[in-house]
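These are the structures, in structure tokens.
Two complexes follow with chain A in common, the first pairing it with chain B and the second with chain C.
Moving on to the complex of A and B:
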């Protein structure tokens, strides 16, 4: 009890000095999605902890909550002596953020995945080059597939989700161009981001069509995709990471999922091949930092591989398996990554660019 | 008189008991329930903004509550309010975005009628299937809900999609938007709340003062007796579904014309299903439904404020669940009681 009191007192003392607040308003997906909202929140909390300021979250139940919740958050920030920053997380909040930000020109806002037709001086719009991290995981998927069929499960086909798909398919295409292996992609959409069951159903239907690796860019629906891959793999290899690893290393085919937004490899070790990460946490972190230190500058901020705004997970659990079954793939990936950072390979961000995309000019190092 | 008092007492008691039980949950997560409830009330009614927010949320809930409640009175269980609401908004949005030069006097009623018509037509399919083939409306309306979901998400990502690719339709014409009654900051209360209250009056008058209403009620009460009395069962089943659907469509179209001004992917957001709980709490009575919707709307609005205290928004869902349980339990108790009476 005493300890708790002391801790409470300490936080009181710590927060008393700074009258600054970082408030995040989630979309209807809410916290607990293990990807989008949780990722941003982690970044905000990290910054808040470092600075010793208060961070709060309001979850939205429905779309008509966006305006009132953003308004509430802005009002809270206005009350603070040193201001603060309000985060709007998710493309669906575009209209609401624009309306509210106009009403509170002295409050800082940050929109994640939200872009405006006309930028506002008090709003940072964070966008990501999802296609660049998806390119890398697509390349690995193409290298690892045994059936020559890989799957894509998207949420709603909104621009960020589609950019993930373009990159993924471009990575697969790159592998085909460079290695001459034929890989087909089967696509599907859950048309929402919150129900894991829908992701699972779609994944199972793709698996039964002969797909053995699925990349999910579908928020919490993706958790269902991972579950489906895990169930199928466990049926073959038995439960537990050690069993799965031994089974996969022996060269027998298993089912894989590829995670999204944050490092989801831990969610099913050995089954989640890798994750296409998006620096939502980075955006959350810097948003708070900039607002606090007076370095805030409104406008569009696009984060890619170069800015470390998107990346691929470290493949903690699957690296050995990939090295054994697709030798050299990880090294080739490092090379391709450097080409993307140098701007020598431009990963497509539209359907037309994807159709025209090729890496025929690229020579892999021996 | 006693009956009226009783029907008010049951939901009020249910709410109080639910708040009491939830208080224990709040204590269990280490917060002060009194403080939490104070914030809840302040968040729902404490300021002009809060009141506007509450009323905005209450508007569609009154209408879906009326839709389901009307269905219950007419003996049909319309689970499809969700789909009818979305259908009403979707069709209205696709037409009303082209209303460039039509003056508001025409555009507003026209859009409302389109929305109601779409909802009514969509629900009438289930009514027709029930009347002709006996297919139960619970099953068919759920199926129709899914069709709506997929049609809507196809429309907003395909033919209706606007520039940036977010799943939403273009804005409806300014002349088709409902007039704003009150505006604070970015929050606007539209005339939708008045429409919803008028709809409640309509339901009361229709059921209690008209012949058609009497027939619909009679079929709902006992279809065999009604048929024996010369009332067409199949006609009235279709009619009941259509009116119920029109009310749900109205919920969608007021949300479209008063709040979002465009069709969004998840516009209905479960409000059709909330209508079921609201009809239950409001005992299928139009006035009861208004208050039940206000209750749920206020809880939802206040819960957002409560989150600042670190109390999860799900507490409110617990409250809602317990209220429904208790209101439904009241019926169970009454039914058992009645059976016993009949036996003895």
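Moving on to the complex of A and C:
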């Protein structure tokens, strides 16, 4: 029955002749950034496929393209019988989106990582609780460190990067509170997102100070962090996943990196401990769905663990190692995750909240 | 007191010196490239673009053949081609060298960005394609402290110092070097004495392409094993700054590159200390040091730095 209905719906939509359009305007990063542009696009495409509507992308080569591109997209949507939705992707497009959205009050817009001082009825502002996924990887880092020192490498200290850091440090604090292990965090910034060598240099600096696990929230600089950890681990264990796994399982200390935004575990199997992921595709998917089904409601929409807006990777390559060296950690993590989803633990999203953060009241299940 | 202790702890850490060397290596290549070009009288701000091209080409050929050293070789070829374009425009056609250099930078950014999709099937950045491992110098690696600094390090670091020695020897100890300097100072006089000004300038610019492309190859397959758009990160310009501070001398350029490298590594170490908390905005401040120093030196505050007299002036033979 369901299938027949779906088929009917499909033909209906098809004969209606794609009267709905979802258009995404990229920021200068463009498609292929393996981060929010690609993520949003994947979500939009998924929704468009399910609904059988048209999806389109407009690339911005420089920041001065934002306003003309958004205007062009809005005009195109206006022409459609059933309307559509325009996506603006990335923190840098904030001003452009606000301007264009005011000019086209009847067109739906969605901004990824964009928030306004005063919300507009025709714009959804998608933000993410980066801190919640970072909390989880921070807990794992604290459980896995052998030296009692873990690192954080950030790009530019903009709000999303800082939220990653607050969550990471909160996760470490949680582990210290619950397990009484002393772990210090060393943090640094590369001050940009596109120079992997700078990430590697900073990572090596932190490693030389006794750090053995680094979480990188620094765009492509993070690739350098992963490479630095890989280089050091390979020197001890030899090349290849099998060797690294065997070496790590034997209990000898190695170096780890933690990925960001997307699942980066595959980039150096066994060396990337886990990744703090931002489910940017979720935002793209729901933006299209809501606009199409008439459920669109403007305003701030913050996606966290609960909404599947952020999550941590599956730890495909490292799960065995973590289970062996930090027994129970993953199970404890599941429990903490449920507390966050229930709202019993609130992961800090500011420096003050981080200072006040504690999980002393929490009892881990036996 | 705690600050002094913390800073001292940086200086007794052998890893600090090793990181400083790796930060300085691309700058050494780039500044040496600048020296070779400018000493013959051709300003080459295209270095930044050649570095990017070198980084890209080495990753492309490593990806296609699986041989990293072949990738490096092809990077040099690409660097030569870019330099040839620059030489052709600025020597043969007596074009404005700064405009040409800028055009070449934009060209290389465009080409590398455009070719990502057809070659790697994804724009932005490639996956890890393979890299040149650090080499261990037997014996030296066992020496305390020094072994930890240079006993186990990327071969590019050694190549860079080799290139500096070669450059110094070529420029100051050979007939060709004398001619290069003459052409850069007074091309008319050199021409009168039967020196082929154009050929010498071509040589200088082409050599700068070789060195700058090595800087690029080091950044991609030498350190990370992948290419990312715009990964050259302004090193071409910092290299030019090092060349100016180093007074257009290979040894001087190397010393200033090392100095800049040490500051870069120092900023990183300072951030990574446990004893003191350094605010995040200190890093951009440190990043400006090469340029502040260049202004100071150019303004003549610390030891006058004088460019070759005919630097940037196209030579046109009077008939």
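The definition used in the following text is that the second predicted complex is superposed on the first by the 349 of 366 C-alpha atoms of A that agree within 3 Å, B and C clash if a C-alpha of one lies under 4 Å from a C-alpha of the other, contacts with A are read in each partner's own complex, and residues count from 1 in each chain.
Rule of thumb we're sticking to: a contact is a pair of C-beta atoms (placed from the backbone, for glycine too) under 8 Å apart; a residue touches a chain by one contact, two chains touch by 3 or more.
Computed from a predicted model, the values in this text were never measured in an experiment.
Superposition of the two structures on chain A leads chain B and chain C into a clash. In the superposition on chain A, A:204 makes contact with chain C only, while chain B stays out of contact range.
When both complexes are overlaid on chain A, the residue A:58 reaches chain B alone and has no touch with chain C. Contact with chain C, but none with chain B, is seen for A:32 once the two complexes are overlaid on the shared chain. Of the two partner chains placed by the overlay, only chain C lies in contact with A:267; chain B stays clear of it.
Once the two complexes are overlaid on the shared chain, A:149 sits against chain C while remaining clear of chain B.
Applying the stated contact rule after C-alpha superposition, one finds that A:320 touches neither chain B nor chain C. In the superposition on chain A, contact is made by A:100 with chain B only, not with chain C. Of the two partner chains placed by the overlay, only chain B lies in contact with A:91; chain C stays clear of it. Of the two partner chains placed by superposition, A:82 touches none, neither chain B nor chain C.
Within chain A, the residues touched by chain B in the first complex and by chain C in the second are 157, 191-192.
Taken together, the chain C residues at the contact with chain A in this complex read 13, 15-16, 18-19, 22-23, 26, 116-117, 122-125, 127-128, 131, 134, 219, 223-226, 228-231, 233, 264-265, 268-269, 271-274, 280, 283-284, 287. Those residues of chain A whose C-beta lies close enough to touch chain B in the complex are 28, 56-65, 67-72, 76, 91-92, 94-96, 99-100, 102-104, 115, 156-159, 162, 191-192. Here chain B touches chain A in the complex through residues 49, 53, 56-57, 149-150, 153, 157, 164-167, 185-187, 255, 259-260, 264-267, 269-271, 300-301, 303-305, 307-308, 312-313, going by the rule given at the top.
The touching residues of chain A, when paired with chain C in their complex, are 29-34, 149, 151, 154, 157, 184, 186-192, 194-198, 200-202, 204-209, 211, 220, 223-224, 227, 231, 235, 267-268.
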